[in-house]
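Both complexes below contain subunit A, partnered by subunit B and then by subunit C.
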Partner chain A sequence: MKKLLGYIKQSVVDKNSALVLLLGLCPLLMMSSSLLTGLVSGAAAMIVLVLSGVVISLLGRVIPNGIKDVSYMVITAFFVAICELLLFAFLPSLRTALGIYLPLITVSGLAFAAAERADNATVGAAALGGLSLGLGYFAVIFIMSFIRELFGNGTLFGFRIIPEEYAIRLITTPFGALFLFGIFVAVFRAVALRAEKGEVEK
Partner chain B sequence: MKAKIQEKLKAAFTLPSLSAEQKKELLRSSLILLAICASCALLLSGVYSLVEGFIEDNREAPILAAAARTLPADSHIRADFDTDEVNNVSAVYEARTGDELIGHCVHATAEDYDGEMTVVVAVDKEGAVVAVEVVSMPEGVGTKVRDTSFLSQFVSKTGKVECVGEITDEGQVVAVSGATASSDAVTECVNGALAAVSQIYAEKAKEAAVG
Partner chain C sequence: MRLLSLLSIAAGAVLAENIIFSNLLGITPFLKESRGIRPALRQGVTTAFASVFASLLSWLLDTLIIRPAGIEYLRSVVFVLVAVSGVKLAEVMISKRFPKLSEKLDISFSLVAANTALLGVMLLASERSYTFFESLFFGVFAGLGYLAVCVLFASVREKLEYSDTPGFLEGLPIALITAALVALAFSGFAGIKFI
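Our next item is the complex of A and B:
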């Protein structure tokens, strides 16, 4: 249990895929405009990363070096396409919100990092590798979309919480998301540096 | 100099000679990649055929909802109508209460300023517009055409509608200032719907005359 908690801490805090490794930013910024799209796309990314990690680790020994990257992209694209089809079928209201940005997960650094980790790893390790990248991504997109919908639109899951006049419209735009993300990274780095210093002094 | 260039060109355009082993490796890689792509495509088409029905229903759902709002009736059934014959028309629905036909709802689309606009136009038995609803359109200044002040102008129009700056004649509507392209797109949809419905009645009259 302790080991699991430590693992989650490592993937969400120490090696966060978005805030520390800065991977998969384009889908992150575009799909965090509302809490629902953020949660759904974060979960979709996590599932895709785990599944493609498992398949890649199974096929890793069969695939020759020359076509590794191409094969990994095909496999990731395959899982993303399945996710997309399922979303179209069962959550059609998100279709326009997710638009082109869900397929973008395929070519984001996130997918490549997961494939790189899964290569030559055991199935379990590959699944965990994908899960850790996905968890970090999910945590950031959850917080981002929460803040963006609450302060930018004044709602949560579409329910009004803050009156419309007090909403900060800027946050809902893509460049508002970039500002917010920059602040996130800065704060995160500052806290991480301080924690590191504290550990050294001990 | 010339000989050198020729040599380089030749080197660039001839395939590198491969040993038997390299050829075998290349063939193996290609076959593996082919196998991966083919199996992915096969599985994907399997998943698609499973969820295809749901996706189709979802596509139709907002149209049917708009049809129910613009022309309330017991049922809205998709009519057998050749949509290639009339511009802008994607589908026609027959609105029936009990057995009686009370009108048609037309699903029409038109090119807006930057993207496609989807409109449902309800037309009564006399071929006059009952209501118009914009189902979806690209976000922007054009969304002002969703206001009832613009859309209500189409009510009870027949034949062909013209979108103008100032009304001088019957059968005209005033465009929303600053959203002319979207106003034109809505008008195109309405005209398509009116044409489709008048064609349906013309065919019915012909059939009745023959019968």
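Our next item is the complex of A and C:
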């Protein structure tokens, strides 16, 4: 149990894939404009990273060195395509919102980092490595999309919470995404710094 | 009429729908490489070249392979396969034929391939179903837009170095907030249309 908590803390806080390692910012920022797209894409990224990590670690010894990075990206692309087809079959309304951004998970640094971790690792370690990156991504996109939909649109999952006149439209634009993410990184760093100081004083 | 539509694609790709600020494509290398004008210039030029090829490639793949074969659902896989192996091939060829140039450029595979701008341009061009000339224009001007914004933002960040930023905002956070403000300025171009 303690080990599990430690693993979650490490992946969400200490080595957060978005806030600390700055991976996959393009899909993260664009798909966090509403809570539904954020949750769905976060879950999709998590599943893709785990599955592609497993396959890459299984195939790692078979694929020749020269074309390793190329084949890893294609493997990830296949899993993203599977996710895409399933998603649009069950939730066709998301097609316009996620359209070009879901495939971009393949070429973002996120998939690259997962492939690097899975290379020459055992299957379990590769799956955990992918999951850790995915968890960090999911946590950030969840909070971002919650704030952006609540204050930008005044709704949550499409239900109105704040009257329309009081919603700040700007937050749903790319400007809001960049601004909010900047503040996130700043707050995160400040808190991490304070925690570090506290530990030293103890 | 044709010319006007090409013009509006060009103006859109550079200003109103700049791939960085309206789609946030290639934002990670943009933030990382804009620490100085030189790396920003290098990143911008590489991406601009890649974007021209990417846009033409997406038209070619769409008309020759994907649509005749009826495999629209595999579009992103095909694009990733061709684009990434194209980048790899180019890297190998440059390093074999012109070892000095490749040393000077120092462009790594991951810098180009792991750039969402490349695949993003392909998917955008294909989604809007551009004709040949339209995709050529889109690729060239989207690349130019990326280059211009990279250099512009790098010079803003050079000024930021000398400013007195609060400690917790130093480095990346203030860069992100500045980028947000530049994006806001760029959204002012949204009304430009030629048709």
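The rule we apply is simple: the second predicted complex is superposed on the first by the 202 of 202 C-alpha atoms of A that agree within 3 Å, B and C clash if a C-alpha of one lies under 4 Å from a C-alpha of the other, contacts with A are read in each partner's own complex, and residues count from 1 in each chain.
To be clear about the criterion, a residue touches a chain if its C-beta (ideal position, glycine included) is under 8 Å from a C-beta of that chain, and two chains touch if they have at least 3 such contacts.
The structure displayed is predicted, hence computed values, not measured ones.
Undergrad: Between subunit B and subunit C, positioned on subunit A by superposition, is the outcome a clash or a fit?
TA: Result for subunit B and subunit C: fit.
Undergrad: What is the C-alpha-centre angle with subunit A at the apex and subunit B, subunit C at the ends, nearest 10 degrees?
TA: Apex at subunit A; the opening toward subunit B and subunit C is 60 degrees.
Undergrad: On the A-aligned overlay, A:Ile47 touches which partner chain: subunit B = first, subunit C = second, or both, or neither?
TA: Neither partner.
Undergrad: First (subunit B), second (subunit C), both or neither: which does A:Phe78 touch?
TA: A:Phe78 sits against subunit B and subunit C alike.
Undergrad: First (subunit B), second (subunit C), both or neither: which does A:Leu98 touch?
TA: So A:Leu98 meets neither subunit B nor subunit C here.
Undergrad: Using the touch criterion from the header, give the chain among subunit B and subunit C with more contacted residues in subunit A.
TA: C
Undergrad: Please indicate which partner A:Phe90 is in contact with in the superposed arrangement: first for subunit B, second for subunit C, both, or neither.
TA: In the superposed model, A:Phe90 contacts subunit B only, not subunit C.
Undergrad: Would you check which partner chain A:Ile67 touches, where first means subunit B only, second means subunit C only, and both and neither mean what they say?
TA: So A:Ile67 meets both subunit B and subunit C here.
Undergrad: Which holds for A:Phe112: it touches subunit B only (first), subunit C only (second), both, or neither?
TA: A:Phe112 contacts subunit C only, not subunit B.
Undergrad: After the superposition on A, what does A:Leu22 contact: first (subunit B), second (subunit C), both or neither?
TA: In the superposition, A:Leu22 touches subunit C alone.
Undergrad: Contact-wise, after the overlay, does A:Leu59 reach subunit B, subunit C, both or neither (first, second, both, neither)?
TA: first
Undergrad: Just the number, please: smallest Cα separation between subunit B and subunit C in the overlaid arrangement, in Å.
TA: Superposed on chain A, the two chains' closest C-alpha atoms are separated by 5 Å.
Undergrad: Which positions of subunit A sit in both the subunit B and the subunit C interface?
TA: On subunit A, the overlap between the subunit B and subunit C contacts is residues 67, 70, 74, 77-78, 81, 85.
Undergrad: For the complex, give me every residue of subunit C touching subunit A.
TA: Per the touch definition, subunit C meets subunit A at residues 21-28, 31-32, 73-74, 76-77, 79-81, 84-85, 88, 109-110, 113-116, 118-120, 123-124, 127, 168-169, 172-177, 179-181, 183-184, 187.
Undergrad: So in the complex, the part of subunit B that touches subunit A is made up of which residues?
TA: Residue list for subunit B touching subunit A: 25, 28-29, 32-33, 36-37, 40, 43-44, 47-48, 51, 54-55, 58-59, 61, 136.
Undergrad: Spell out the part of subunit A that touches subunit B in their complex, as residue ranges.
TA: Residues 59, 62-64, 66-67, 70-71, 74-75, 77-78, 81-82, 85-86, 88-90, 92, 95-96.
Undergrad: Quick check on the complex: what are the subunit A residues that touch subunit C?
TA: Going through subunit A, the ones touching subunit C are 22-27, 29-30, 67, 69-70, 73-74, 77-78, 80-81, 84-85, 99-100, 103-104, 106-109, 112, 170, 173-179, 181-183, 185-187, 189-190, 193.
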